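Lettered A, B, C and D in written order, each chain numbered from 1.
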């Protein structure tokens, strides 16, 4: 019996599943730079971000995506950072954003 | 405090004298269910249920596909009410859950915007020379079956119990979204803990099983199901429900909405063929019944006159558990002699030796 | 008609023996007025009796309550414990306090200090409070801290998943409570930290819409909860709780900052029940009845707009503390003192009129 | 031409659907469309709330408004009494009336839907009936459905249905007078004018493709 061609297919639930434990590489980033936890997603970092004007870089979003375990996206977007440091000057919670972004960028293996 | 607790959502259901309106989907896929409902109400319980052959679709499916303006559906509804008024009835009995939601919505609009009621009266008069009164009771057929569950159970030879082990059958329910999510006070138990099906299953001796996605939509999606390429929406949402109920090993899925009943049946077949997965652990799928089908079976009606052979997930394993006798050879026989049998699906098991 | 001589105009009756009632009584007593407290429960203390420790410094609730009670005792303020008052009758310039058909007290001035009621979380039906044993209110959790009830999960659960839901019965037109109860945010943060102290391996989530950390040091608690306690803050209102696998709950919300729906399995869900009125005033020409609140009832209405304690339309009737609207303990104490001063002014003005 | 916002405001579905959104996400959490598509009803409420004409036009030309499945699970939960599902109805209506629907592939599907379900109403008196559910376009209905259609009247009559017959009962053939009344209602209440707007969009699309 050949499989019927339905003309559509099913997709998994898009909802984030929070119950899964944090990925070890996410855990490692959070341990190496604990100040990331202080982010309250106010968006001041993204407002002043030099690279964010041209690229999808917005630090507070990377933090949210890091918690969600989207390591690859975080790693890719962190590559856009120019390390100008304006975000760190403006962060009201004193997050060490430059170090955080370096750790995030290192989530991707270096290009050969 | 004002009582707003789910257990306090009890609605008034008149005992008798109803004007009945049919469901497009129910009569298309489950013709035996509507016939059985009328048979039970009229012949087993002796009620006065009137149907006017001039009533039409409420246009609800088209309305939720955004093809029918509000003014139009309102006037179509007014025309149905005009037939009800003309026949001397004030209690409306609705077979379809989409329709039920539409009637609730229109009555609510007319109550809060009396000028719209006047506009509707005018539009109906201009287009058809008809007038109408509002119903004093708006009742879904599952409301009425729930209301009459004790007299029905008293007349029933069967119970939702495994005959060989005396174990109560595990029932999961799926209440159509438009039954009480739009107007919680319109349904037994409200939007969050509707009791219209669970109360029915428990009266027949079944064990209700609450499951995480109990209140999730079956995924009809109106336009999404009506368009072949969009049906991924529908099947994926039903799949969310199946995945969620699987761990609770239900014997039966009970529904009150004709669309949900069809989808929860057909998507089990579709998912089995697409992914090889069934949710009963045996490859047969979880049987799906609507409130009328359940009541008719419990009362001892013949499964094949009830049209259960039109389900894709087969009911025989459930009938055997309950101990309902059936003529296997009658299943596919027709008024005009024996017909062919449906082809067997690739994955979903439909014959059991 | 009874004469006004029948009532001692200088006597103040305080209805409610919680923090607001006690503090109002203490200030008035210290300023030489004769006061009495009418409390419907057998003990003083109100909601404070059920609390374990207090934000922001973690002071034991029993210490504060003990200190208050000691002062009330030291001042020998007459207490009418277990005494309900259901309406007031105006007699001359003063009041009779009634319970049913009986007069239970008389006073020149009455101060309402009936406090607030906790929102009945069963009315937020989709959270299943009263239906699922692992759904608690913030008050229930304090009882757990006080060892008056068990944790809803077993000792085998060393790393429980725990969720706190802000704004339950607050900022919710569906529940008839449009207001912000304002201290649930900081209570949730306090309780989340306390839970982490009990179970260091626990994963704790707070579901919030806005974190209204208005008090001094509250914001710092929020930061500590994030950094030192690893509490995760999810911006999104919980949409439903349902039974999940085993004894767990299955909850749904949206992470609105990510724009993605999310699911979570929890061992305990704590609902931050808001503050709602305990009664609604039915004001007649010479009587005030305390009626059961109905859907959408407001707090006690007072005149003016600056911490006023004088009840609208009623001479000689004042209101103190959280019966006027959500308030923290420090705010209640400050308000009680202010109301006491207003009462003093009022009594002095009566005397001045009498002399003239 | 009135602004899109003012046209929306004239629609009762708009005013009942959105008064003030507090951005809590309670709707998205239970939305079946959000579980399947990259779709967020909260974001749509926020966007419409800005009232910016350009944003509205983008929305009406876009795919997003067509993703809602109209289950109205959102209505039961919103703490502000909003109904994103109603808001969607008003946006879709305006998208079709204004002709903007032809700019999105999901919007263009309204033409097919109108010709299928809309016409069925006036031709048969039903939104859906068995012969519309052709096995070729409905493989999910399974082999049992192919069999059921093959049996046709035989099977349906056994189950108590009238199956396109004259007279009473389920699936009965509607008398011409009944269908005339339905058409008169559609004419009087703007149903037919609404369909003309959809067909005007179809025409424009055809012209665009030709040129």
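One rule holds in what follows: a contact is a pair of C-beta atoms (placed from the backbone, for glycine too) under 8 Å apart; a residue touches a chain by one contact, two chains touch by 3 or more.
Since this is a predicted model, take the numbers as computed values, not measurements.
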Quiz prompt | Pair joined by more contacting C-beta pairs (B-D or B-C) | solution = B-D
Quiz item: Roughly how many whole angstrom separate the Cα centroids of chain B and chain D?
Solution: 21
Practice problem: State, to the nearest whole Å, the distance from the C-alpha centre of chain C to the C-alpha centre of chain D. | Solution: 48
Quiz item: Between chain A and chain B, what is the separation of their C-alpha centroids in Å?
Solution: 46
Quiz item: Considering chain D alone, which of its residues make contact with at least two other chains?
Solution: 30, 34-37, 76, 137, 140
Exercise. Provide the list of chain B residues touching at least two other chains, using ranges where the numbers run on.
Key: 191-192, 215, 228, 230-232, 235-236, 240, 270, 344-345
Practice problem: Going through chain C residue by residue, note those that touch at least 2 other chains and give them in order. | Solution: 126, 175, 235, 240, 252, 255, 260-262
Quiz prompt | Pairwise touch network: line, ring, star, complete, or other | solution = complete
Exercise. Would you tell me which residues of chain B are touching chain D in their complex?
Key: 22, 24-25, 27-28, 31-32, 34-36, 39, 51, 53-54, 56-57, 59-62, 64-72, 74-76, 79, 101, 109, 113, 116, 123-124, 126-128, 177-178, 180-182, 184, 191-192, 215-217, 219-224, 226-228, 230-233, 235-237, 240, 266-267, 269-270, 304-307, 309-312, 332, 334-336, 339-345
Quiz item: Where on chain A is chain D touching in the complex?
Solution: 4-7, 11, 13-15
Quiz item: Within the complex, which stretch of chain C touches chain D?
Solution: 126, 167, 171-175, 209, 235-240, 252-256, 259-262
Exercise. Enumerate the contact residues on chain C facing chain B in the complex.
Key: 120, 122-123, 125-126, 128, 131, 175-176, 240, 242-245, 250, 292-295
Exercise. Within their complex, state which residues of chain D touch chain B.
Key: 12-13, 30, 32-33, 35-37, 66, 69-73, 75-76, 89, 92-93, 96, 109-110, 112-114, 116-118, 121, 125-130, 133, 137-138, 140-148, 150-151, 154-161, 163, 167-172, 174-175, 177-178, 181-182, 184-191, 194-195, 198
